[in-house]
Amino acid sequence: MSAFQPTATTFKRGSHTLPGEHFTSPAILAEEMERIFARGWNCVGRATRLARPGDYFLASIAGESVIVVRDAQGVRAHFNVCRHRGTRICMEETGHFKESIQCPYHAWTYGLDGRLIGAPHMQEAEGFDKREYPLHAAAVAEWEGFLFVSIAREPQPFDAQWAPMRGRLSRFGLPGLTVGHRVVYDVHANWKLVFENYSECLHCPTIHPKLATVLPYQSGANDLTEGPFLGGYMEIKAPNLSATMSGRACGAPISDTMSADDRHRAFYYTLMPNLLLSIHPDYVNYYLVHPVGTDRTRVESEWLFHPRTLEDPANNIRDGIEFWDLTNRQDWDIVAQSQLGISSRRYTPGPFSPRESIPAAWDREYLRWMGRG
Amino acid sequence: MSAFQPTATTFKRGSHTLPGEHFTSPAILAEEMERIFARGWNCVGRATRLARPGDYFLASIAGESVIVVRDAQGVRAHFNVCRHRGTRICMEETGHFKESIQCPYHAWTYGLDGRLIGAPHMQEAEGFDKREYPLHAAAVAEWEGFLFVSIAREPQPFDAQWAPMRGRLSRFGLPGLTVGHRVVYDVHANWKLVFENYSECLHCPTIHPKLATVLPYQSGANDLTEGPFLGGYMEIKAPNLSATMSGRACGAPISDTMSADDRHRAFYYTLMPNLLLSIHPDYVNYYLVHPVGTDRTRVESEWLFHPRTLEDPANNIRDGIEFWDLTNRQDWDIVAQSQLGISSRRYTPGPFSPRESIPAAWDREYLRWMGRG
Amino acid sequence: MSAFQPTATTFKRGSHTLPGEHFTSPAILAEEMERIFARGWNCVGRATRLARPGDYFLASIAGESVIVVRDAQGVRAHFNVCRHRGTRICMEETGHFKESIQCPYHAWTYGLDGRLIGAPHMQEAEGFDKREYPLHAAAVAEWEGFLFVSIAREPQPFDAQWAPMRGRLSRFGLPGLTVGHRVVYDVHANWKLVFENYSECLHCPTIHPKLATVLPYQSGANDLTEGPFLGGYMEIKAPNLSATMSGRACGAPISDTMSADDRHRAFYYTLMPNLLLSIHPDYVNYYLVHPVGTDRTRVESEWLFHPRTLEDPANNIRDGIEFWDLTNRQDWDIVAQSQLGISSRRYTPGPFSPRESIPAAWDREYLRWMGRG
C-alpha cells in the first residue's frame, strides 16, 4: 500500500521473492501458525473497547478463540474453552460479564480472573479440586492504545521484544484516538502477499492512480529497515493536506505534539506478526492480518480519529475512509492475481528492485521467525 | 438429551472425556468408519417401510449406499453397485421394483435376491458366467420392528451381539407402532458428541429449561450401565403425564402391556453403533446417527405412535413432536460449541462427574470398538 | 456417447474396468496431471480464434493459465506468470494486445514473443539483465484447425506423436469450419469416465432412446483400435440424414470432398489426452476434457459448421445442437452415478463385453501414459 525510498544500508543485492511453496503449502501454513502467530504478540485491537470491568470481546489468534476481558486489576485473556468438557464458553463477539463467566453446557463457572468457582456435582467426585481447573490463561500487553495477546505457553517478554517501538510514535497521541470506522476484508491471497504489498509503493502508479497523485512513490524515507518492525514515511504532495479523496484534512490533527514535518507526512509501519499501522496528520488506520488458508486472508481494518473530529459533524471523515477503502480493494485485487501466478509450476523467485527493499527485509524477518533466516 | 442417576457400580473414579484428536482427526474418523460403522449392525429404520415384496429404500452406512428390499422370502440388502462398470443402480431414495433390479447404464439386470439374470452382449465374452456376478450382499436383521444392516464381509452374529436386548423392551409393543413424523438434522459437531450429549441430563437445567420441569435430571435409574447398550429411565414429574409441551399425553398408550411404573417413566437408550431410542408412555422417538465429517453429523429422527393415535384427529401429536424438536435443536447448538472448544490447542480431557457415568461408559465402549479399550 | 463395432484383433479376452483408486485417489489425480496433461499435447480450441497479430486467449492446462497469442510470426504460448513477483498478468479470458503484454502490478512489460522489454527501476539493481527474464514459453502446434499446447519443459515432437492422424481426416475440411455454438459442462465424475462413456454405444438403448433410433449401436466399425487415437464410425439410419432432432440435415455439408459413404456416417474419435471429436455430414462437435477433482470434470464443447450454414438463416443449427446437448446431459447424469458406485468399498473391476473394446483399449493406453502399461 505504501512506498519507501531505499537507504543504502538496507538493500541487499540479489534479494528475491520467496519460494512458491510458502504461498501454497498447507504444511508451511500450519508451521507459520505455530512459529509465528502462536508464538508472537498478536494485536487484537484497541484498549478502549474494554471500558469497564466485565467488558469483554473475543479475539481470534492462530485459530484459537480468546476471551479478552477487563477485571478490577486490568485486562486479562483466557482461552475460550471450558475445563469440564471442552465447550466454547462465549459465543457473542463482544459483551459484558456481570461477575463471572459461566459455561452454558453444565454451568461450570469462572471468575473474571479465570479461577473455577462453581462446578455442579463435581464435589461428588472423589479428589476433585477446583483449584486445578482454572481457564487457561493467555498473556496480555498494551502499547500506544493497542492490546496484544500471546497464546504461547511461555510468551517472550513483550517489553524486550517491543523495545524498538517504545516511545517511537508517542508524539502522535495514539492512545487517545477513537474508532470512527471498521471494515473486514476477505482477501483471496496468502497473508504474506498482504504484508509485501503494504511494504512498497512501486506498484502505486499502475494500481493506485488516485493515491499516486497525493503520495509520490519516490518520496520519503524509511527509519526501520531491518527486523520485526519496518517502515517509514512518504511526503504528502502539496497542495494536498492529507491522504483523502479531496486532498483536504478530514478532521482535527490527531495530536498537538506532532512536528512541523509530521504534518505533511504519512507513516507506514509493519509490526510482526499481524499489525499494519498507517498514520496520517488527521487520522490513523490499521489492519489486523489473519491467515485463513494458504490462499485466503481476513483483514480487519479500523480508522481512528481525534475525539474532536468525531464530535464535530462538519468534519467529513468519509474523505479519509474512502481514500483507503478504494486503495485497499485495488490491492486485494492485485494480490489475488499474484497468488494465482505464484501457484504455477513455473514460478520461481523473482528479483526485487532497490525500490522494494522493505518487502525484501520483511521476507528476511519472516524467514527468521520460521527458523530459516 | 436425557439424564440418568448413577449407580455405585458404574461410576469409575477418574473418568475423563476423550482426547481431542478423536473429535478433529480425519484419520480417526476414517478408522471409526471401518472399525465401528462398517463392522457393526447399523439401524436403517423401520421394517414397516417395506410392506410388499419389491418395496425398497436406500440406506447409507459408512459411506455406502445399500438397497434394502423385501422379496418373497423376507428383507435383503444389496450394495448399490453394478457388477459391470460399478454404476450406482438406484437413485430414488425409496420405491418399488416390479420383478428385478436393472442398472440404467448398460441394462445389467438382477433378481430381487441379487442374482444376475441379464447382461447384454456378455454372452459374446468367452468364459463369462452370470453366476459369478451377483450384487454384493449385506446382512440384515430385525429387532422390535427396527431393521439392522451390517456391511461387513463377515458380520458378527446379530443374535449373539443383541442378546442383552432380546425381549428387554417387548412390553412396549414397538413393532406395532407407526411413523408420525420425520426430521433430518444437520449437526455441526462430531458424532460422538451427539451420543455423549444424549447420555446425560446434567446439562438439562441450563440447556433445556422446559424439559427440566418435566423430567427432573436427578430422577430415575440406569439399568444398562456398561457395554454396547446403555441407559435407563427418568421419572415424568406429576402432574405431567408425558414429555410434551403441555404435559398432557399426546395419544393413546403405545402398548397395553406396560407396567404401572412404565406409565410415568421415559426410557433413553443408546445402542451402538448408531441408534438412540427414546420411549415415552404415548410415543417413541429414535435417532439414526451418521458421521459426515469430523465436525459434521447427520441425524435422522422419527416419532412413532400407536396406530390408534394417528387415526384419531383429536390427538395432538405435535405436542410430543415439538417437545423434542425444541430439545434437539438446543442440543445441536451446544454440541457445536463443544466441537469448537475441543478443537483448541489447550483442550485436554476434563473430568466427568458421577452424574455423567453413562457418557463415561459410552466412551469406554467406543474405545473398545476402536481396539483401544 | 458413441458405439463401435469390435474388430477381432482389438478385443482382448478378460479386459476389465480400472481399479477403483483411479477414480477416487487425489494422489493418482495429481500423478495424472503430471504424467498425462502436463506432458501431452492438449487441445486448446480453434485457431480461428486468433485472427490478427495481438489476438489472444487464455487456456487452462493441468492447472496452468497459458496465454495463447498470435504475433507476426504465428501462434505462441506463454505461461501467465510475471517473472518479477509471479503475478498472473492477464485476467480477461480473451482479448487483444496492442504491441506488448504488461503486468498490472509493477509494469514489467513483455513483447508478444515473450521477451522482457521494460522493468521499472530494475536498472538500479546491479547485474540485472532483461534477457534473463522472458515469459516462460509453452509449445504450440496446429492440426486440422485445432491448436494444441504442451507445457512440458521438453515437449514430445508433435509431428511424430500425431503421425497416425496426419491427413486421416483431411477430406472433412475441418480447418474451414466456424464455431456456431459453445457450452461448458460441469460433470460430477472423474474425467476418465467421460472418455470411457464416449467410447461405446452399448449404453445408447437405455440412456439415449432418441439417439438410438438414429445411430444403431451395432452399426459401423472402428478404424483406430489401439493407441492414443481411438474410434471409428456409426451408420446414420435411413431415412435420417444426420444426427439431429428431426433427422434432417441442419446445414450444408461440411466439405465437398467427403465420400458417398461419409455422407451417411458419423465419426467419433478420442485423442489423448483431452480431445473428443465428433464428425457428422453437416456439423462437427468437439469436447475439451479438464479434470477438476477426482469426481469433477469441466467439459468445454463447441459445434462447428460450414460458413455457408451459418450465413443462411434458413438452416436450423439448433437441430444438431439440441441433439447432442440432450445426449451429453444424459451422459453426465449416468457417469455421475458411475462415480458414486465406483467409490464403494465393494467395487471391483468388472468385465468389458466385446462391444466395449474401445473403452478397454483407451484404458490400456491410459495405463501406458501412467507408466503402468
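The letters A, B and C name the chains in turn, as written, and every chain counts its residues from 1.
Operating definition for what follows: a contact is a pair of C-beta atoms (placed from the backbone, for glycine too) under 8 Å apart; a residue touches a chain by one contact, two chains touch by 3 or more.
Because the structure is predicted, anything quoted here is derived from the model rather than measured.
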Count of contact steps on the shortest path from chain A to chain C: 1
Homomeric contact chain B-chain C: same or different residue positions, threshold half: different
Whole-Å gap between the CA centroids of chain B and chain C: 48
Contacts with two or more other chains, residues of chain B listed in rising order: none
Of chain A, residues touching chain C in the complex: 13-14, 17, 20, 196, 202-203, 205-207, 334, 337-338, 340-347, 350-355
Interface residues, chain C side, partner chain A - complex: 38, 63-65, 79-89, 91, 104-107, 119-122, 124-128, 133, 136, 151
